[in-house]
Every structure is written in C-alpha cells, then in structure tokens.
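One chain, subunit A, appears in both complexes that follow, with subunit B as partner in the first and subunit C in the second.
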Partner chain A sequence: MALGVALKRMDEGSRRLLALALSLVAIWAVFQVLTGGLFLTPRNFYNLAVQSSTVAVLTIGMVMVIMTRNIDLSVGSILGLTGMVIALLQIEVFPADAAWNWPLTVLLGLALGTVIGLWQGFLVAYIGIPSFVVTLAGLLIFRGATFEVAQGQTLSPFQNIYRIFGGGAAGSLGETASWIVAALCAGIAGILIMRARRDRLLLVTTALGIAGLVAAVAMFNAYDRPRSELGHGIPSTILILGCLAAIAVFVMRRMPIGTHILAVGKDVEAARLVGVPTRRVVLKVFAAMGALCAVGAIITTARLNAGTTNLGTLMELNVIAAAVIGGASLDGGRGSIIGGVLGAFVIQSLDTGLVLLGVSSSMRQILIGFVLIGAVWFDRVAARHR
Partner chain B sequence: MTITTLLRKTVLATALSVGAQAAMAETIGVSWARFQEERWKTDEAALKERLEELGHNLLTADARGSVERQAADIEGLLARGAEVLLVVGHDTTAVIPAVERALAEGVPVIAYERQIKHPDVTYIGFDPVLVGEAQARALMEVQPEGNYVLIKGGQQDQYAHGTFQGQMNVISEAVESGKINIIAEQWTTDWKPEVAQSNMENIITAHGDSIEAVLSSNDGMASGVAAALEQAGMLGLPLSGQDGDIAAVNRIARGAQTMTAWKDVRVLGRAAAELANAIAGGTDPMTLDGATTFVDEEMGIEQAALPLEPVTITIENIDLMVDAGWITTEEVCRGVESGKLSLCD
Partner chain C sequence: MDRLVEIEHVSKLFGGVHALENVSMGLSQGEVVGVVGHNGAGKSTLMKVLSGALRPDGGHIRMDGQEVDIDSPITAHHLGIEMIFQDLALLDNLNAVENFFLGRELTRRVFGVTVSDKRRMREIASRALAEINPNFRNIDTEVGNMSGGQRQSISIARAVHSDTRLLIMDEPTAALGPEETEMVRQLVRRLKDQGIGIFLIGHDLQDVITLSDRIVAMRGGQVVGEVAAGSVSEDELLGMIIAGRCPDHGTPGPGARA
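Showing the complex of A and B:
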C-alpha cells in the first residue's frame, strides 16, 4: 500500500526513469538466463559498459537538442571528422614521442567539435534554417571531410597514454581507486539528500542507487586484468560518462539555462516574450553537442587504437533512438539526461546479448527497431492512463 | 588479332610522338560504386596513368553507394561518349540492366574488381574467392586445427560472400573431419572496425580462452579484432586480413596479425587499363595472358575473366611491399621492438 501511494506521488519523469531502469534489469535477467549465465559475468558487464559509453555520451547532448525541439543528424559525422583529425595530428603531423602531443590533439579535437557545433547552432538559431536541414547537410559535409582528412587511410597507432581514454586494460582505475570514487559518489549523494530527509521515496531510491553503484564497482573489480589477479576497476569511459552526465543534470536542474532549454522546447514564442535569450540557448546547446561528439571521438579512437574513415557511420540513429527510449519527446520540451543514458545501455545490452546468442546482424537490426517502437508505444499508452 | 593490336600500338605510338591526336584516343568510362574508401584513389591513379600512356581519356562517375545513382551514372558516361566501360558494381545484380543498355549500344563492359555475372561482360579483379583461400591457407599453416572464429564482411556485399566462400573452400574439409571447429561467426555491418571490435569482445565473452584463430575478412575489421584481443590479453592469436592496409602491415611486424592478402591495386589498375585498351582495339580478351573462363553452372553463364591473385604477406616477406613502394620502412616499424624484425634494425 505504502509503495502504491509513493508511486502515485512520484512525478511523471521519475516514474518513467524507474520503468526504464526496471526494464534494463529485466533485459539483463532474460539474457542471463538465455545465455546460460554468460551475460552478467564481470567480463561482459565491463565490455557492455565500455561499448555503451560513446553512444551514451552523445545521447547527453542529443537529449538537450531534442528538448529544444531540434534534431542533430550529423553527430556520427562530427565524431568521424574530429576523430580523424585527432588521429592525423597525433600520428602523422606531431612527433610520435612528444609528451605534449596527446594533450594538444585532445584539446584541438574538442575545439574543432565545439566550433562545428557553434556553426550549426548559428545556422539554426540565427539564420533560421531548420535543424533537420542544417544537420542533414552536416552529415554529408563532415562525412566527406572525414575522408578528405587522410584520403580514406586508416591511421594507427596512437600514443600509449592516449589509449587510456578507450577504457581497455590500461584505461581502468584499478580496484582501490574504484572504491574511492564509489565512496565519493555515495558521499555526495548522501549530502544532497540530507536536505530532503522527509522524502522517504527519495531516500529509498538513493539507497538503491548506491547499492547499484557498489554492485557495479564490485563487478568491474572482479574482472581481472590479463595475466594477473588485479581487477580492472571502473573503466575510464564510464568515469568520463559519469562526470559529463552529472554536469549535464546539474546544468539542467540548477542553472538558468536548464530552465531556458525547457522553455524554448515548450514554446519558443512564449519563452522569447518572457525574456529568454532563445537564440543563444539553441546556439549553446548545439555547441555542447559538438563538444560531446569530440569526446565520443576520443573514446572511440582510443578504444580502437585507429582512426578510420567510417568511424561513427550511422551512429546518429543509435543516439536518437537512445534519447527517445530514454523519454525525450520529439515535440520538444521533454527529455531526461539519465533516461537517455539508460536508453543507450538498453540498446547496447540488446545488441551484446543477441551477439552472445549468435543472432545475425540483420535480425538484431529488426529486433532493436521493434524495441524502439515498443518503448514509445508503451510510453503513449502509459501517459493516456494517467 | 595480334597483328592488329601490334599495328594499332604502332599507330598509337606514332600518334603520341606527333603530339596526341584526339581522333586516335578512345574514351574509357569508369563507374565507381563508392569512391570514398581507402583504396579507390590508388586504383584511379594507376588506371589513369596507364590509360594516358596508351593515349586514351578517362571519364569517371561515383555512385556513392547508391544503386539508382549508378544506373544514372552509366547512362551519363554513355552520353558523354564512353567507348569502353569499366564498372565497379555497387550491387552487382541490380547494375545488370544498365550494363545491358551499354552492351546494346555496342559499348563493351568490363567488371572491375567485383564480378558482374553476365556472359558479355569481361571480369578483371582480385578474385575474392582467391583472397579468402589465401587467408584460410595462411591461418591453417600456423593453426592447422582448433577453434576458429569467423569475422565476415558486410552481409549485403557480394565481395564478403566471395571471401567467405574462399575461406570455406580451404577449411571445410577440416571442419567436416572435426579438426577445425567454427565456434562463432558474425557478419559485420558495412565492414566497420568498431562493429567487428564489439562483436569480437562479445565472442570472447562467450568462448574465452578456447578461441585459437580468427579469420577476419579484411584489415579494417582485423584492427577491431586486434583491439578486442589485446583487451582480453589474447593478442598474438592467428589473425587474417586483406588489402595490405598500412596499419595492418605494422601489426604483422609487431606480431599482432598473421597475414594480409595484399591486393596491389596499382597492378590491377594498370592491368585493367591494358584490358580496356585491348578491347577498344577489338582484341578478344580470351587471347590475353592469364585469361580464363568463369563458369556459373547454376545460372548457365560463361564469361571471360582475368583474375589476379593477391600476394600473401606475412612477417617473412614484408620487404616485398617496401620494395614495391607501397609502404615505407618507417611505417612498417612503428612500435616494433628492436631485434624482432631485421627490416627494422
């Protein structure tokens, strides 16, 4: 009874998140059974986390873009271009053994992503070209540019330190540091909910969240590094994702621009009338999206240890799907960062689980397509019942 | 026949020496399937250079991966006066109606690299079946039995099926006798390295240390497989590839890949230019060196073909590629420990 009352008191967004988290757990449970216990092994859990990271990072930006009632179809191409530029600079242009090489290429990559985002945001917000058109053009332009950068060559290998960003054996925190990070996160969460002591539901969900965190870290630590007894710990990609998601959630909830993004998505005219700088909001959102594409590019190239021409092809589709599964509405004004990240994990979990079962790539596409429709359908039906 | 060609060549040479008379030059058209891949620029450069030496012009069109655009491209090349057509079919079945239109206009068609099954089309290229066979043979040499993983190319691509068929030609006997056990196989969307990497990671999860060799159909995917193996501490497992990518040759030097089926596309480009030249001069392709007949019994098709064989590159013969100017010693030796490979010391 108490649970029912609590559920009714929950706002719609939290209820959707809870449903999503439960479906993720359900998907894992089903695959765990179907694969005969392979799915939730430490190794697969670790791989799953790393494999989901790039799409999840991009989804953070996509949720914000969609909330302003825009779309970005160019994210895969921006990722490809920034990744290829980083590869070219680090491998072909700058001296391979210079210590300043990788930090500089990372900064230049982030700068390039941001500039591309600003350019597209400018076209959308100040010139008034629909984002669908701007980013469709961007998809073509930046994909073509990706080829031109190295004339289609595959570039490899990167500097060793750079590869930390890819979350491989070298790119993980180790056991002790992982527990310290977990303790820090739990501590911050604890302090944050001290204020809301009366809200039992919040206490319960936070406690569950911390339990999940501890379980995840235990899993990461249980996955031993090759030929050693030492655990991997939290992969760097998850650390990057966690930090970026936390910043994004903070921005959306606590900073004026968060409110502005919502206002722009709900009704641009009304927002303008009450003094929201609507154009600048859209510009900033696209700039953030571009920068996040560069982060995705760093993770992907470091992980693959190569820059390739078709890096990130069709990734925009997975990213948009993740945002939508996570509760973002293409009508604007609604979306959830955490939901989007969970959406990315849902898609990757399905993909990974189906590969473990030996399902062909075409069947995987079909199934994931149906899941996308199913998620939105469920959402619609649930909304009508409220 | 030979006399005519000889005559023609002499006439051409004279024409060239007088200063390229347009009347003698034939216009050769190329329809690319998707030009934006690492290799095609090299193909085009070799093709163009040799054709110009022979006194011909080259017209090109890029279908950018679209069946419809390729049909329009072929019509466009005919309209622009192409007298011989080279076609890299994006979809080698769907392109046939456009090819037939060219043939009906009396324009000979050469299928470049990807076979177009039509009796009047001449095929030239690195036969994917031969590529697959070379890959499987090289892996069987180092790992004659045990658990194999197959990382196959794009399922929609005929070339991927050809390579797979070649691999099976070599290993199927061992598979039937139980010496080789294929424990996992996956097609790879668009041959993407990231997809190959994720698939390989998942296969490692499912089969772990029991994996003993990975038949990857090309070098790009091999880079993804190598990254997955490295993550699992299994780098050094027998691993195949094709194309002779610079990164792949470097992996071979570092011991992270066993072989690549090297397709020196410059050889192909030059050979295709000479084939086009011969056909333009009215020579029957079957009279050329290395010509053979490809027979598809199921479809009842016999066609002239000039299949080129890839060169198997292993750690033993990387110097071949250096000598051919395909790759520099510095590119081969990036990150190779000293004393491991004489080429690098």
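Showing the complex of A and C:
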C-alpha cells in the first residue's frame, strides 16, 4: 500500500527511471539463471560495463539531439572517422615515442568531432535541411572518408598511456581508488539530497543507488588483473561516462540552454517568438554530439588498441534505440539523460546475455528489435493510463 | 513631444505578395490603439514586425523619435516591446516559471559557469502571476495541463512584468470565458494608466471600440483609415474592414476606397 502511494507521488520521469533500473536488474537476473551463473561473473560484468560505455556516451548526445526534435544517423560514422584520424596521427604521422603525441591526437580528435558536429548543425539549423537528410548523408560521407583516410588498413598499436582510455587492465582504477571514488559519489549524492527537499522516497532511491554503486565496485574489484591477486576496480570508461553524464544532467537542469533545448523540441516557432536563439541551440547540440562521438572513438580505439575502418558501424542504431528506451520522445521536447544511459546498458546487457546463451547474431537483432518496439509500446499504454 | 512608436511606410513581401504595403501608424504613451481587419489584412504581420519576429522589407520604425532596428524578439524586449500572442506562445512541456522567463532567464555565476538562478526566477514569477491572477496556483506544473485562463495569465504576466513600454495584444480574449475577459479589460485600463502604449488586435469590434482611444482598420495589407474610437460605430468599422470605405470623420490611409 505504502509503496503504491509512494509510486503515485513520483513524477513521471522518476517513475520511468525506476522502471528502467528494475528492468535492468530483472534482465541480469534472468540471464544469470539461463546461463547457469555465467552472466554476473566479475569478468563478464566488467566487460559489460566497458562495452556499454561507448554506446552510453553517444546516447547522452543523442538524447539531447532527439529532445530538439532532430535525429543523428551519422554518429557511428563520425566515431569511425575520428577514431581513424586519431589512429593515423598517433601511429603513422607523429613520432611514436613523443610524450606530447597522445594528448595532441586526443585534442585533435575531439576538435574534429566538434567541427563535424558544427557542420551538420549548421546545415540543419541555418540552412534548414532536415536532420534526417543531413545525417543520413553524414553516415555515408564520414564512413567513406574513414576508408579513404585508412586506405583500407588497420592501424596499431597506440601509445601505452592512450590505452588507459579503453578500460582494460591498464585502464582501471585499482581497488583502493575505486572505493574512494565510490565514497566521494555517495558523499556528493548525500549532500545534494540533504539540500533538496527532505523526501523519504528520494532518500530511499538514493540509498538504493548507493547500494548499487557499492555492489558494482565490489564486482569490479573482484575481477583480478592478469597474473595478479589485485582487482581491476572501476574501469576508466565508466569514469568518463559518469563525468559526461553528470555534466549533461547539469546542463539540462541548471543552465538556460537546458530549458531552451526542451522548448525548441516542443515548438520551435513559439520558442523563437519569445526570444530563444533556436538556431544556435540546435547548432550547439549537434556540436556536442560530434564531440561525444570523438570521445566514443577514443574509448573504442583505446580498448581495441587498433584503428579499423569498421569502427562504430551500425552503432547509431543501438544509440537511438538506447535513447528511445530511456524515454526520449521522437516528437521532441522530452527525454532523460540518465534514462538514455540506462537504456544503453539494457541494450548491451541483452546483446551480451544472448551471446552467452549462444544465440546467433541474426536472432539477436530480431529480439532486440522487438524489445525496442515493446519498450515504446509499453510507454504508450502507460501514458494512456495516466 | 515625440510619439512612443511611429511606424513609417513599412512593407513586407511574402513571395511577391504584399502582406504589408506602405503601412504607417503611431502610438503615444498611455494610448490604446485598436487594429482591426479581416484575417490576412496584415494586422498580425505588422505586429510580428514590431515584436522582432519578422524583418520588414521597407520602411522605418521610430521609438521616441529615434529610428530602431528590431532584428530579434530579444532586441524588442530590450526596447520595452512585449507581445501577447494569439496562441500565447507557451511551451506545454515547461512549467509556469520556465515559460515566464523563457529566452530571458535570470542567471548567476557559480565558479565561472553561468547557471539559471532558479530561486530568484521562481520568486519573481510567482509574484508577477499573483498580481495578474490571484487564483494562480501550480507554478511547478507543466502548462500543458493548465486551463486556458491560467495559460493566458502566464502569457500576460510575462509581457507586462518587465519595463514594458509598448504592449501588443493579439486577440487577448479569444480563448477566454466572460470572467477572464473582464480581467483582461481591467488590465488594459490599468496598463494604460501606467503610461504603457498598447496595440490591441481584436475581432470583437464592440470590445475594441470600448477599450481603444483610436482605431486603425487594415485591408489587404494596407491602412484603410484611422478613426477616433469615441465617434465610430460598429457598422462604420465593418465598412472599413470589408469595403475599404473610410468614414468622413476619419483620416483615410493609402488603402481607402472612394
């Protein structure tokens, strides 16, 4: 009873996040049983986290793009091109032993992603070409450019320090630092909760979140590094994801542009009439999307320790699916950053679990396709009942 | 003394068609000027030019005798021009405070980052809304879930709370019940007393006659003529709107028919 009352009092967004988190736990539990205990091993959990990170980072940007009532079909190709350019510069162009090599190539990669985003945002916002068309063209242009830059070859290896970004054995925090980070996060969450209204429901959800965090860190620490008794700890990719998601949530909730993004997506003409710089808002969102693609490229290339021409191929589909599962409305004006990140974990968990069950890649596509429809269907039904 | 606003020979073309052709009219402080005409007569287009939503293709606009270039809604806002739109221009997915300050958010700096000053915006918006509509509640509710009267209150409060000098009201009572319509009438009189100049666009001619000092009729993008509200009948106004006939006691414009 008390739970029912509490659920009724929750706003729509929080209820959806709760539902997503519960679905994720349910998915994990089902796969744990079906695979006979293979799914939630420290090793698989760690890899799941690292693999989800790239999709989740891109989903942060995609949620914002979708909130402005646009779409970006080119994210996989932008990731491919920026990754390949970073690989080419770091491995072929700049001296392999120079200390400035990796920082410079990372900066150039981020700059390239941002410039591509600005270009597409310019076409959408200032020239008025629909984003579907601009980014469909981008999907082709940047994938083609990736092949042209690479001349068909695979480039390897990257500098050692660069590989930290990939979340492998070198790219993890270690046990002690992981607990410190967890304690810091819990502390910050605690302070924010205290400053906000004293809401018992909020306290309970925060407590559950902190419990989840502790469990996750325990899992990361239980996965030992190769030939060692020491645990991996939190992978760097999760740290990157966490920081970017926190920044995005801050921008959406605390900065004027967050409100402007929602306004532009709902009714661009009304927003313009009252003085929202609608075109600049869309331009900035696409630029952020491009930069996030570059971050995804850095994570992916560092993890693979190679630049290949098919980096990020078809990734846009998982990213859009994650954003939609996370509650982004393609009608614009609605969406959730945290929801999108959870959506990315849902998609990646399904994929990984089905792989462990020996399901073929074609069957996996079919099943995940149905899950996407199911999630949105459920949403429509739930919306009608409110 | 210079007039508050002087519109001089403004024209606007939409794909070769004159939406506005050589339109001139003026407005003084504390004056209410009604603008009437059919749909497509150019009233809304003219007001959008004044509020910075559209750029004119020709002509000038002066405020206090100085020529101004109203190139965006924000420029208009800085000049003290506010508009209450016919469809209110509210965003259904935002709450009352967010709508109130949309595009002109109050900010503060925190560690060099510009963030919305939510507390101050909430305070100011609740005060401004209570002034317009004492029954206003649910300031944190999305406006999509609000009644027409509450929505109108936000739109009005937003337009009059700042240093407004010129207020444009586009069909302000079209979506309202009798009680709320009366509220808007009283508001127009109050703002007039405060020295704000008001352009009032309306279909309800009796309403426009009651509230205005002068009335300008438009037809086919041109001004038919201008009459004193105290001496014009509804029939004469209809004659101006439909046939373009300016009565003898009025001042004919470029669009007047003999």
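Note that the second predicted complex is superposed on the first by the 385 of 386 C-alpha atoms of A that agree within 3 Å, B and C clash if a C-alpha of one lies under 4 Å from a C-alpha of the other, contacts with A are read in each partner's own complex, and residues count from 1 in each chain.
One rule holds in what follows: a contact is a pair of C-beta atoms (placed from the backbone, for glycine too) under 8 Å apart; a residue touches a chain by one contact, two chains touch by 3 or more.
Nothing here was measured: the structure is a model prediction, and the numbers come from that model.
Within the superposed three-chain model, A:Ala297 lies out of touch with both subunit B and subunit C [touch as defined at top].
In the superposed pair of complexes, A:Asn44 makes contact with subunit B only, with no contact to subunit C.
By the document's definition of touching, of the two partners only subunit B reaches A:Phe147; subunit C does not.
In the overlay built on the shared chain, the residue A:Leu81 is in contact with neither subunit B nor subunit C. Once chain A of one complex is fitted onto chain A of the other, the partner contacts of A:Leu273 are limited to subunit C, with no touch recorded for subunit B. Once the two complexes are overlaid on the shared chain, A:Met255 sits against subunit C while remaining clear of subunit B. Counting the residues of subunit A that each partner touches, subunit B and subunit C differ, and the larger count belongs to B.
Using the contact criterion defined above for the overlaid structures, shared-chain residue A:Gly358 touches subunit B, although it does not reach subunit C. Common to the subunit B and subunit C contact sets on subunit A is no residue at all. Taken together, the subunit B residues at the contact with subunit A in this complex read 36-41, 155, 184, 186-195, 197-199, 201-206, 208, 219-220, 223-224, 226-227, 230-234, 245-247, 250, 334-335.
Here subunit A touches subunit C in the complex through residues 254-256, 258-260, 262-263, 265-267, 270-277, 333-334, going by the rule given at the top. On the subunit A side of its complex with subunit B, the touching residues are 35, 38, 41, 43-44, 47, 51, 96, 144, 147, 151-157, 168-169, 225-227, 300, 303-306, 308-311, 313-314, 351-352, 355-356, 358, 360-362. Residues 51, 53, 72-74, 77, 83, 85, 87, 89-94, 98, 102-105, 107, 113-116, 118, 158 of subunit C are the ones touching subunit A in the complex.
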